[in-house]
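Everything below concerns the one structure shown next.
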């Protein structure tokens, strides 16, 4: 067959290509272009304004010898692992509880989900208020007579990250629960019947049968949680501003502070490049496996 | 499920086999251990979720003297709506003392076009990716998904430059474009998954019937996509309404959205922090997304099931 | 950009025929003065500017300079400049000026003889880059103040201290009475600023200059600074129970007698004033912590982005004149609690504390402040260090000093 | 292969690969005007893929497709003059039956009265007039599939494509609709290409069957021919239920006569029609269960004894599972002649009805 008979490949599916222009532009210009631009300028000593004055890896040497950056990384790891685990576990347990054909399911679901409608700024403010040792939970419990009660995560460097975690879980688990509930509802009733006939205890059915079947749901949930973790910023700003001291700093805040407060774009770009790098290392292989090259049956 | 314990039926006479054995519906107990555990857990967890809202509402209805004295959980002795009025119409930032009211309309003007534009783009993208795959589409999609993870801070500066170059910096349209860009990855993923989960034969049948790219989109796919559109609208309304970073970086004070005004009011401490006004302002700011949730919660769950779970 | 210039030019030509003498021009002014005293002060500017027939569009951004500056800078570099904007004069706007984004005010300054009226002279130096003037200083803010609550000391049964050392000695008594000895808000700049004040007070002006102007890292690691760090350690212990973030909340602790005192700049005075307190009776102020009475000539200044619109440019000039007008200066600074930038005006209405400041100014005991000497980058690193130091009791003084010396070594 | 004179559909050297995976390999089929062709094969054999290529829903890698003499290889589906019926019906859920039927016509901009005429005709043929105003969700499976057929019908096309149209229906409905499709074909006399994995559908409906495996057409022939003279072991095994009996053994020539030796039995092949002159060696002997009888005396060219393992009564007839030596063997007999379990029976058949395959290639000998 001579290939010359084929219509021009460029114009095949032309409408689909035209419709994809915004996506392609966003992907190429904003995400790739913006990232490349950021990486390029991370090798410069740009201060307030971006300038192509290259200084090699200086910004990176400085970054990795800055205590605040190291604290930020550590916080992100602690926060990330815990929020991943707790979000999935709590989200799943809540969904499993709601899936027991209970009464008032709608009410409970709405209660668990509503914080998701609120912004991180709002969440941060409310929990800052609730965790305030003077008139928040600690103050109230002490007022009830338990004088030695101590619960002041936002003012204790060692546990401040857990104070943020509490607020983050409050805000985010509802959505995860929703996903999990949808996943549970998608499981064939016959599976449950089979497990019941086989006499497998409920817990074991969940652990060994249902959860493995819900792999796609867990992956979606994982993506949503993970995307939130890397970006955590507003919540910290609203709740603690990184304090006490630098105990609750996170990388995204380091980037923002050094780019804009410290007017040291180069340093901020270097930090964001490191974030970008870790995102790419973790996400790209997964994304490609999940979305790339998969042919439809 | 929760019917009261059914008494064993009285002996109705022997039919040969054991006459007093179980018969009829199995008795169930409202206060079975399982139910106590189930509802107990749910109620405790629900309290944890409701506590902040309760504190917000209660605090916003108290006067400042009462806040200073009392504990945050006690209901207001004397209900006052003054904090609400103040938060809405007279709280100050600098010299502007018109509260959140101005920000509310700005938020509406930002949210409505952003939601429409971002969903329009993402739904067509998702449709093209699900049904009209062309060479390289997957690569762009992967980039887009990875883009969902990029911290916004990385992008702020390049976008300032891009907006400046196309002359949209500081304008409402600029902000609408920014919201559409950052809403694109997650929305495209949702729509793509949803359209992929629809029977492909439907799409094939429509092609045999002669419908083209747009014909299939508008006449076949759109009418079937209500659940996923609801999800997208909820996600975008809440996301854009709640946005702070873009609102503050890409607009000017007279077009500041409500969240920025909220932050200004909360952080413009004049002497003592007016917690009641702050709480009222906080609730007012969260009201729109909350209402959207309460109204369409059921559809949201269904849509999530359709768009996020499969694929 | 080009379109904007064109449309701006178009706007000028079409607007000209209608531009009568009374035409009010809206000028957007961004600043981060949002606390009670600050807002009252800035209202004076707005009032005076509106009186010139123009209109002040207020663009307050709450938070602090740290929150507001990035937004201002993005707008200027993003091609959507405001009419005028506040910065701390010094090095914050340096690069914007170098990039040609800010308006050169030299002509106006020469005409209005700023060089003669602005006192002390160093203020104008802070606005001068390559011999050209780019900003209008509006006030002098000095950090070196200790604000003490008379009520708190009365309650603790100790006399109000006369200097830092007496204050440290009185701390246990305060603590016993359930009073926080020293209020330091959680925002990083507060602990960092408090350290700088201790450095001038305990170490002396020369030590301050050696570290920050000469960037002498060896000196910064030496025994003289160790003394200062010892004082900072005292301050840290005294402040450990402060559970507030904002500086004015910390000030409020002093006003309400919950805290003994606060190391804070003279802007804290505005808060005392709004609360209706009188200097000397309700509170005591000790410039230079009672050890080294100097005034640092930091402060606020207004910068004017380069605009294409002729009307707005004219309004900018009107605003610049208004800012330096003697009457406005008095009204503004009284409310703000800062010192005026003109030596030729009489502040009869000034309270005790302001008078103390004016006296020191008159004696010529002035020094530059970190805003003029250090880049924002270095200042931020310093803030990170000291906020960590104040929040983390287990961080040793030696470690802090070593890290401080490292920052000084790499400072620019 | 032989080319038809004026084929309705002609597929020439068609290939399709996804990356390195070849799905269809150089296929050639000509379908005559009005012919009913069934593409039959196990799942994954490429039969649906081939149909989608004909419909234009998949782009081919190489080769050409002609419909009505016109090269449609790069045409859009709508321009190929085809109608298609899908396994899942693929009715547009938000449209009524009438709208479903008319959608394609409305897209093509056909006048309203013409649309109404065509719908009326299709509805009459398929007896779905009372359903026209209903939504698909209010229809039973059989009704839905009728509507789906109707959608192809109203397009007034030359070629109908069916993609496993009956697979989603229960057994009873399937049988009913099978008959209806056959009637429809005899009424309309259109060319129909029908994909299925169900051999009964294939046998009952087809003028010719194309048995496919691994993207290659194994045999294209009339149903009886394929049933009786399968070209290879795969085709022989795929068609027929229960499957053909296969005995592994050797082809031998003794005393000038060919025999098939399996264990200690020797089957004479005097009546068997070889494709070409055979050579001795390993071979497979295939015989359908219904071509074997329980021996009640002589008269069969071949007889043997075997042990009964299981007896399956099926109503009209009975399946008997035997052991012939060590090899499994099935026989289908009428119900009256049912042996008991564990009986020893003697069986007989005529090798004329058998099929011999090369042990290595599987090709018919």
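Chains: A, B, C and D, in written order; residue numbering restarts at 1 for each.
One rule holds in what follows: a contact is a pair of C-beta atoms (placed from the backbone, for glycine too) under 8 Å apart; a residue touches a chain by one contact, two chains touch by 3 or more.
A quick note: this is a predicted structure, and the numbers were derived from the prediction, not measured.
Peer 1: Counting one step for each move to a touching chain, how far apart are chain C and chain D?
Peer 2: 2
Peer 1: More C-beta contacts across B-D or across A-C?
Peer 2: A-C
Peer 1: State which chain is most central when centres are taken as means of Cα atoms.
Peer 2: A
Peer 1: Please identify the chain with the largest separation between its CA centroid and the CA centroid of chain B.
Peer 2: Using the mean of the C-alpha atoms as each chain's centre, the farthest one from chain B is D.
Peer 1: Whole-Å distance, chain A centre to chain D centre, using C-alpha means?
Peer 2: 54
Peer 1: Roughly how far is chain A from chain C, going centre to centre by Cα mean, in whole Å?
Peer 2: Spacing between the chain centres: roughly 38 Å.
Peer 1: Roughly how many whole angstrom separate the Cα centroids of chain B and chain C?
Peer 2: Roughly 41 Å, centre to centre.
Peer 1: Do you know which chain D residues sit against two or more other chains?
Peer 2: none
Peer 1: Pull out every residue in chain B that's touching 2 or more other chains.
Peer 2: Only 156, 263, 266 qualify.
Peer 1: Hunt down the residues of chain A that sit against at least two other chains at once, touch-wise.
Peer 2: 256, 259
Peer 1: Quick one: which bits of chain B touch chain C in the complex? Just the residue numbers, please.
Peer 2: 92-96, 156, 160-161, 163-165, 167, 169-171, 248-249, 252-254, 263-273
Peer 1: Residues of chain D touching chain B in their complex?
Peer 2: Residues 52, 55-57, 76-79, 82-84, 86-94, 103-104, 107-108, 148, 151, 155, 163 of chain D touch chain B in their complex.
Peer 1: Which bits of chain C are touching chain B when the two form their complex?
Peer 2: Those residues of chain C that touch chain B are 1, 3-4, 28, 30-31, 33-36, 39, 42-43, 46, 56-63, 67, 70-71, 74-75, 77-80, 82, 246, 248-249, 252, 255, 271, 274-275.
Peer 1: Within their complex, state which residues of chain A touch chain B.
Peer 2: Those in contact with chain B are residues 9, 12-13, 15-17, 19-20, 22-24, 26-35, 37-38, 50, 94, 97-98, 100-103, 106, 108-123, 125-127, 129-130, 135-136, 139-140, 143, 170, 174, 178-179, 181-183, 185-186, 216-217, 220, 223-224, 226-227, 230-231, 233-234, 251-252, 255-256, 259, 265, 268, 272, 275-276, 279-280, 283-284, 287-288, 291-293, 296.
Peer 1: If you look only at chain B, which of its residues touch chain A in the complex?
Peer 2: It comes out as residues 1-2, 38-39, 41-42, 45-46, 48-53, 55-56, 59, 67, 71-73, 121, 124-125, 127-129, 132, 134-135, 137-159, 162, 180-181, 184, 186, 188, 196, 200, 212-214, 238, 241-245, 259, 262-263, 266, 275, 278-279, 282, 285-286, 289-290, 292-294, 297-298, 300-302, 304-305, 308-311.
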